[in-house]
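In the two assemblies presented below, chain A is common to both, partnered first by chain B and then by chain C.
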Partner chain A sequence: MAEITARAAEVTTAVTAAGAARAGPAGPGRARRARRRLAPLAWLGPAIALIAVVVLWPIVTLAQTSMQDITPIGVTIGSAGANNFRQLLDDPNLPGILVRTLVWVAAVVGLTMLASLGLAQLFNQRFPGRRVARWALIAPWAASVMMTALIFRWMLQPDNGVINVFLHQLGIVRQFDSNTSSWLGRPDSAMAWMIGVAVFVSLPFTSYTLLAGLQAIPGELFEAARMDGASRWRAYRSITLPLLRPAFAVAMVINLMNVFNSFPIIWEMTRGGPGYETNTTTVFMYNLKQSYLGEAAAMSVINFGLIIIIVLAYLRVSRAARTEAG
Partner chain B sequence: MKQWRIPALAIGAAVAVTLAGCGSSGGSTAGGTTLTFFGADYGTGPANSTAKYWKAIAAAFHQANPGITVSVQTVDWTDFPDKVQTLVQNKQFPDILEGDTAPQFAQSHLLYPDSAVLSPAVLHNLLPTFLKDGRYQGTDYGIPFTTSTRALYYNKKIFAAAHLSSPPATWAQLRSDAAAIKAKGYIGYGMPLGSEEAQAEALLWFLGNGGGYLNAAGKYAINSPQNVQALEFMSQLVKAGDTQPSPGSTDRKDIWASFAQGRVGMMLGSPAVIPIIQAAGVLKPADYGTADVPGRTGPLTSTLGVHDDIVAFSTGGHQAAIRKFLDFAYSDAFQLQFDREYDLLPATQSAAAVLGRDPMFAAFLKNIPDSVNYPSAANWTTVENQIKTTLGQAVTGSPQGILNAIQHTATSGG
Partner chain C sequence: MAARRRLPGLRTALVAAAAYLIAALFLLPYAEMLITALRPQGELLERNYLPRHFAWSNLTSMWGAGYGIGVSLRVSLEVAGGATLLVFLVAMPAAYYTARHRFRGRGAFLLLVLITQMLQPTALIVGIYKEFLGFHLIDTVWALILVNAGFSMAFAVWIMNAYFASIPVELEEAAMVDGSGRLGTMLRVTLPLAVPGLVTALIFTFITAWNEFIAALTLTTSSSATPLTVRLDQFIGQYTVDWQHLFGASLVATVPVLVLFALIERRVVGGLTAGSIR
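Moving on, here comes the complex of A and B:
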């Protein structure tokens, strides 16, 4: 937050200085000078108002809701103080959910970044049909995440899902309607499949970001390295990876936020069940909402705090990367 | 000037959208009174949407009472609780709400009592079994609109293939029948304990062991020994593979669809299963039958009865208009039309008498007088949500621990 405030102060100073400079020394009157000074507001005003209404207002409402006592049908009884937070932190399911959220974010983002590095490299090569292949990579991105998740759920149906039929023919799933074929009924295998789906839908964006980064690296560098006798692996480590860092950092942090907030995949595939065994904090917030609106708002506030931390990390990382690249 | 027209337009649009979102609900227009009706949708798509049913009633009613217009909105069952919660939280109360239970609204002083919005003749025609659930501090606030009861469905073809002659009456028979059916490659007994309706499946098993959600004194007794035993028996079935895998992740609609496809030997269901079987086109009417729900020592004498209520909100102040509309809507013709459309049961005695002449409905109607309903405490919805989410794990984990946690929620004020 401190950084954002500092930057806002810089902007304000700059604007004020510009206004003062234009007003000139012998201004025709105080009123006009004030009007000129306020002139930028006409341009900034709508944007500020929009931010206030669309961004800040919901946050304030959220914070208020998290401290209210609300019945399950939605009637507000009064203030709950910190009770919602206390109840949430006392929830026996919460520690498991926090750990699972961490595993979920780390696994999905980690696997996505690794796979995307390879994919971006591949799509940076010249090969026949590259244009078609590049278009095909967009498909999981263009498709609705909800539909993708739903289709995976159908493919994993224990009795006749196409993945089970395939695995049955390979002899891995011996019997339909058995525990083995019920992939989404067991928390560990359900998590594994959902991580797979999340990686699948995150790949296009990440690969394209990295591909753009790769294309920005001048070819002469590789040529020079080759003349100096550097191996391909050496060139990759010493040229590609360092110059790819800004693109990598952007893709990484945007993925972190995206995956942390990811709701439709888990909701469509398991609803967070069985029990609370496949809930992440985002899904848990929605589950709480059914009976405990205040507590759900408290969970949202905590989620929001975690997101702020990620955003700050993003600002720091991107600035560091920019300094280095510049 | 040109540049700032776009932000100005944007903010204008944003304000317009925000204001539109705050539009008031109902009220008196120049032409007379407008009632807002918000209901659950029982249809499977636009073709048989419940909105059609209510709009036809509203149109007929408007013709008879030109001073009153009823604006109808329905929403799919899945989204219904969320939508109602949002309406209440934003104080956009409808005048009439169909689909929810009354006590939680009555507790917040939002409702008219039944006697204020129904004429005595209509009020006394309601099935008395279901009235008590809408009672709050001695006054009835819930008006039963549609009802249903449960029975055991069994696939006669599968039973013949497994050399079984009659449906089970006891748990022991159910277990051996399920094992025999499983040996033929079908699902023996379909046990949906997923979040859709775990509370119904569980209650039918609890009742079979003399348990239930309440004890004889009407207090929550969710972790009673009878209930724990019932869950232990269920988990034996699951472990033996006599059910479908992962009951805690299986919704009712999945099992009903599998039964309609001819892959399930036995399951519990309401009359609403019949249209699903017909739509699938796999089973002919002679291929399946219904029987009483088995219990530990014999068939259940009282089965689960569920009902969806209409409640009338006092927040809009349209008592007279609501009363006129509800008296109009509770005619036998409309009740029967609804039941034939969705294969549900009526909520009025006169409509039940007419429908009882149909043997298919009669099998379910006979269970109404002795039916056991869900608790009517104001916190039942909260308890129910926890049952829906967690009970499925009782058949794979510890029944006692999970029932204790639910009982704790039920009895700890909230």
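Moving on, here comes the complex of A and C:
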């Protein structure tokens, strides 16, 4: 807090100088000067305080907890040094979980970006009823992700889920309540379905972002390309894709963050099971939290390190987008 | 010429057909939510797309005391409403000041806001849990209001900042010459012009808080303090899952946010990517 105040004071000196020049004759009173010096803090203070309570302080607590020895019922015994980290790294499930997290993030983000390119292009065309169709597209974005995951869990019920009813009609599922129809009971098929659900809920935001990017491309460019005899595909590759890059990059990094942090889909569909076989690092952190708070904190610290890398990537991408936009 | 004119017509028809098909696919899971909500108990496990009758009575029986859906709905409203109000109070002055003034530290503040937007409660949940445990705020709406407001604030700051910046300073100066104070000017002159941004920010905050899951799951345990998302999660642990009531409650939670989201749909992307693209 002291640091923030010091920083704010530094900020205010600059403001006072600028403010005095604009406001004309300034009162000589010390109280008045102090008041002006504190002006930005009065406007930004509440926001800074909220960020401090909800974001900054938890980061400190998280780091502390990762080095504490805490019993399963929540009693802190003392310092654990690096024990929580050691225990976590020795966990035989961890290597599989790390690999699965990588596959999860790469698959969901990759498929989302690809499919969204197509969706954005399609919904950028003129056709009657476009507004209504676009509105349908936002449903998974507006609805709670945990409820969407629950409906998929229900539709995949081995005995009577409608997806299984449909696949039975197609002849893909021979028997209900069988190994084949139990999609969420096998780790591989469970992951595949959950990746599908994650793509489903990520598509609206991504498509809308790319759609906004498409609409920002001046139409004259395409006119000119057509006059030069360029084919549609050529125009897409040489005009659309390069100009879409800033929007694409921003959407991709935001998706990376969302998908890495995604919890409700896996939680509602498998709880990370069978065993630990559908845990990602985020879900694993939560499962650890139930009885090993210290180890969960250690997992969080590692996750947080990865997130910082994504944040840095975002700042880089956004700076690039800003300079390209002029 | 006639043939050439018909060709784009065919193309439009194909585009429209593809778009409608995709739109229908996107709605399908929510249609199943509605259908299941109306399935009679006796037909819950049948292998058909539509039940033989619709049990409209499900929509009244789900409010039975045993399910706690009414209690949770109230908690969800309090949390989402409280977070929205807090974001309004906290983000508006910050957005206004950063839009109107250049000062040292402005960049640092906006960077801090941008980083908050990138972080999510999930990443910090163990820290948040330990912190609120220390504050004795577990099982209170206050903890959820604070967390939701904190993580939605960035969106509100961006979008309102953009609106404030687009309103000419001269308008405010005129009001100030007429003897209006700075706060009064903001409230009476600037704010009314920024209403579209304000509404977008507030609706977005409300929806985000309404749908929030992991913080609620972690910070509430007693059944009188759990919002709707956590209540529905508890259905899954039961010996027999009352799917029809589970999805009846989901429907009640989903329909209002679909309507609200449709209102702000055009402006949301701007707020989510504003920190980077502007």
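In this section, the second predicted complex is superposed on the first by the 286 of 326 C-alpha atoms of A that agree within 3 Å, B and C clash if a C-alpha of one lies under 4 Å from a C-alpha of the other, contacts with A are read in each partner's own complex, and residues count from 1 in each chain.
The rule is short, and it goes like this: contacts are C-beta pairs under 8 Å (C-beta built on N, C-alpha and C of every residue); 3 or more make two chains touch, one makes a residue touch a chain.
This structure is a prediction, so every number in the text was calculated from the model and none was measured.
In the overlay built on the shared chain, the residue A:L88 is in contact with neither chain B nor chain C. Once the two complexes are overlaid on the shared chain, A:V75 sits against chain B while remaining clear of chain C.
Judged by the touch definition given at the top, the superposed model places A:V250 against chain C, while chain B stays out of reach. When the two structures are aligned on the shared chain, A:N287 is found in touch with chain B, with no touch to chain C. Within the superposed three-chain model, A:V199 lies out of touch with both chain B and chain C [touch as defined at top]. When the two complexes are overlaid on their common chain A, residue A:V108 makes contact with neither chain B nor chain C.
In the superposed model, C is the one of chain B and chain C that contacts more residues of chain A. In the superposed pair of complexes, A:V259 makes contact with neither chain B nor chain C.
In the superposed pair of complexes, A:L62 makes contact with chain C only, with no contact to chain B. In the superposition on chain A, A:S178 contacts chain B only, with no contact to chain C.
Overlap of the chain B and chain C interfaces on chain A comprises residues 42-43, 46-47, 50, 53-54, 159, 289, 293. Touching chain B in their complex are the following residues of chain A: 42-43, 45-47, 49-50, 53-54, 70-76, 158-159, 177-179, 181-182, 184-186, 270-271, 273-277, 287, 289-293. Across the complex, chain A meets chain C through its residues 7-8, 10-15, 18, 40, 42-44, 46-48, 50-51, 53-55, 57-65, 119, 122-123, 125-130, 132-148, 150-155, 159-160, 162, 165, 168, 176, 200, 204-205, 208-209, 211-212, 246-247, 250-251, 254, 257-258, 261-264, 267-268, 282, 285-286, 289, 293, 296-297, 300, 303-304, 307, 310-311, 314-315, 317-318, 321-322, 325.
Residue ranges on chain C touching chain A, taken from their complex, read 12, 15-16, 18-20, 22-24, 26-27, 29-30, 32-33, 36, 44-49, 86, 89-91, 93-94, 96-98, 101-106, 108-109, 111-116, 118-120, 122-131, 146-147, 149-151, 153, 157, 207, 210-211, 213-214, 218, 229, 232-233, 236, 243, 246-247, 250, 253-254, 257-258, 260-262, 265, 268-270, 272-273, 275-278. Within the complex, the chain B residues that touch chain A are 3-4, 7-8, 10-11, 14, 18, 81-82, 84-89, 104-105, 107-108, 110, 187, 194-195, 241, 244-246, 248-250, 258, 263, 379, 381-382, 385-386, 389-390, 392-393, 396.
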